[in-house]
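Given below, in the form of structure tokens, are the structures.
Two complexes, one shared chain (chain A), two partners (chain B, chain C).
On to the complex of A and B.
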């Protein structure tokens, strides 16, 4: 048995199972935690694709910052159980089901048509040689993707200022 | 012996050695050292009855924790209440994987690097793990279904997120000078040049203050401020689950001290001494642990010296003082490195 394959199955299974758990779970706090485990599974997959930097960023940014803030809001609002829906919303349910099926079918179709991946994935058994990826990422960010990088920085700054102004206005 | 097998065996040996030092030698004796240190500073004996100088007090405490009744509150979230201490403890015990605790040591004709995993992402691994550790505190507070616990959990979450930024930015400056994210590269740079705490004194101070906040130690122990919150996030914990919180506090303290030593105090290196071979390797290990213990003593010393911050003081210190300082430090270091023209 290929050890990489076992690890891949474990990480991918973990990610999918907890993604499902996140949706099904009634308690919002547990939903957030399920999402953390999902991110952990995805981070393991990135490590297997010889991208530990991406894995670390997923854990630090998503699991470590964004989801903690989610947890904060949920705890502060004391949402112990999701507010029970008064009406069952049949139209939305049907639409949601159709959209989910369409997206799933699309993904499955693309995956099946793509055939063998151009880059040997972990399941292919060949381990990708590990290179120091941080200088590569840095160089790309400040050359080819400089505009996108700076634009997103400005966007984030604008968002932060906007959030500040909105919260100030509510206080007054 | 094949090289691959040798690497695996060496890795297992290193993990066993580090955990043996942490769990058997350091953790119990640190509790003793903290209580005796408190006694020393407050001019009283401290625990001195069990064994010589009270050294076996830790064994008695651990036994007591094992034998006590484990109480879970009736309306607690039982699963999360049980899992939370483990979420906190596991990252605290695994951060050591990327910290170089010695130079190299020759075993069976090969030089073994004295670090468990010398990975490229280095310090990011530590930050990724500590950011998971926050969940332990926050969940412990939430799952206990107790208002004091909840407030403690919220406080710890806000505090750790706030100070993680300054800590990360201060640490990045050391990687800019070393030109790599590997902690071992940072130590090598310090061996060849100068300890980082001298040229980056600002970053050093920011990092140490943030490390105190990250480990929830006085003067930043608001999550368990006993005067306001009973015991904060671990109010509803007893027996060995409480023991796990207790252990993770000290494990975090050891890891934070080891990081301070690695990034700013020259790691395993002794200035003006270059020794190689088996004795050089052993000397480097001894130097590393001595420095780490010295930093841990500072943690204990500060705990029994300073009063606790108020919550608004804590936040304004983190966001209005430490964060700008760490950004300025990073900019200055980056500017100097860039003007020298080194890649």
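On to the complex of A and C.
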């Protein structure tokens, strides 16, 4: 009970602190590495929400594949310090910050005031994490969401081919 | 609706998860609006997607519905496709202009 609260505070605090570090960081490599820690925190929160399979996917696909891809591109383009010769467009930046904070405050207010629907009743033999998650998700994926599943396969193929064509050197 | 069975009651109030997810989304939003490096903007967008995933999982947990896990699965698959194409665009852009600062890519601006 209490240990859960402590774990939540640790994971959420870590995720939020490193997300802030990601935004403040000027060096892209450090931003990527901060985001890895944020994803660790989000994975812990996912486990607490009885979604260990999703937590594993976040670690494997996001932290393991997507962010490594980012690191490869940073290395390829040799981006270190973003050379900021002058603070370009201060007015737009201030307006952007105001707009983001206003929208953010609005979202936070709405989410918290929307009221929370009653939490689904606990089962008798309560256990964390849910051992049933993977069979349930797998069954849904291949029944109700079969079309979306197949479509995402085509989408991934198209994205792979598109990425190859886009990043190819012109051979004329 | 496929119920998630055998799940213990939540000992942390769901509103705390909602607040954390929304806060992460807002941080990503600030980053996406303020950063000038296309790669950093992209990173912020990835953070926003993960924040939304967290909200999906929270609501799914509150309703006891496993469909949220399927939605998150699709969001992650599409994020992977998006990252591949987006990073390829950055590589092509860097070849053409030697920069990926979005302020300097203004060919289509009046």
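We adopt the following convention: the second predicted complex is superposed on the first by the 146 of 172 C-alpha atoms of A that agree within 3 Å, B and C clash if a C-alpha of one lies under 4 Å from a C-alpha of the other, contacts with A are read in each partner's own complex, and residues count from 1 in each chain.
Here is the rule we use: a residue touches a chain if its C-beta (ideal position, glycine included) is under 8 Å from a C-beta of that chain, and two chains touch if they have at least 3 such contacts.
No experiment lies behind these values; they were computed from the predicted model shown.
**Q** Using the superposition on chain A, decide if chain B and chain C clash or fit.
**A** Chain B and chain C fit side by side in the superposed model.
**Q** With both complexes overlaid on chain A, does A:96 touch chain B (first), chain C (second), both or neither?
**A** Once the two structures are laid over each other on A, A:96 reaches chain C alone.
**Q** Touch check for A:76: first (chain B), second (chain C), both, or neither?
**A** So A:76 meets both chain B and chain C here.
**Q** For A:52, select first, second, both or neither according to whether it touches chain B, chain C, the two together, or no partner.
**A** first
**Q** By the touch definition at the top of the document, which applies to A:66: first (chain B), second (chain C), both, or neither?
**A** A:66 contacts chain C only, not chain B.
**Q** On the A-aligned overlay, A:33 touches which partner chain: chain B = first, chain C = second, or both, or neither?
**A** Touch partner of A:33: chain B, not chain C.
**Q** According to the contact criterion defined above, which of chain B and chain C contacts more residues of chain A?
**A** Partner touching more chain A residues in the overlay: C.
**Q** One more residue to check, A:22. First (chain B), second (chain C), both or neither?
**A** After superposition on chain A, A:22 lies in contact with chain C alone.
**Q** Look across chain B and chain C in the superposition and give the shortest C-alpha distance you find, in Å.
**A** For chain B and chain C in the superposition, the minimum C-alpha gap reads 13 Å.
**Q** Output the chain A positions appearing in both contact lists, the one against chain B and the one against chain C.
**A** 53, 57, 65, 69, 76, 130, 132-133
**Q** In the complex, go through chain A and note every residue touching chain C.
**A** Result: residues 1, 4-5, 8, 12, 15-16, 19-20, 22-23, 28, 31-32, 35, 38-39, 42, 45-46, 48-51, 53-54, 57-58, 61-62, 65-66, 69-70, 73-74, 76-77, 79, 82, 84, 88-89, 93, 96-97, 99-101, 103-104, 107-108, 111-112, 116-123, 125-128, 130-133, 136-137, 139-141, 144-145, 148, 152, 155-156, 158-160, 162-164, 166-167, 169 of chain A touch chain C.
**Q** How about chain B: which of its residues touch chain A in the complex?
**A** Residue positions touching the partner: 77, 80, 119-121, 124-125, 127-132, 134-135, 138-139, 141-142, 150, 153-154, 157-158, 161, 164, 180-181.
**Q** Can you name the residues of chain A that touch chain B in the complex?
**A** Touching chain B: residues 27, 29-30, 33, 36, 40, 43, 52-53, 55-57, 59-60, 63-65, 68-69, 71-72, 75-76, 130, 132-134 of chain A.
**Q** Spell out the part of chain C that touches chain A in their complex, as residue ranges.
**A** Those in contact with chain A are residues 2-20, 22-31, 33-37, 39-40, 42-44, 46-47, 50-51, 53-55, 57-58, 60-67, 69-70, 72-74, 76-85, 87-92, 94-95, 100-101, 103.
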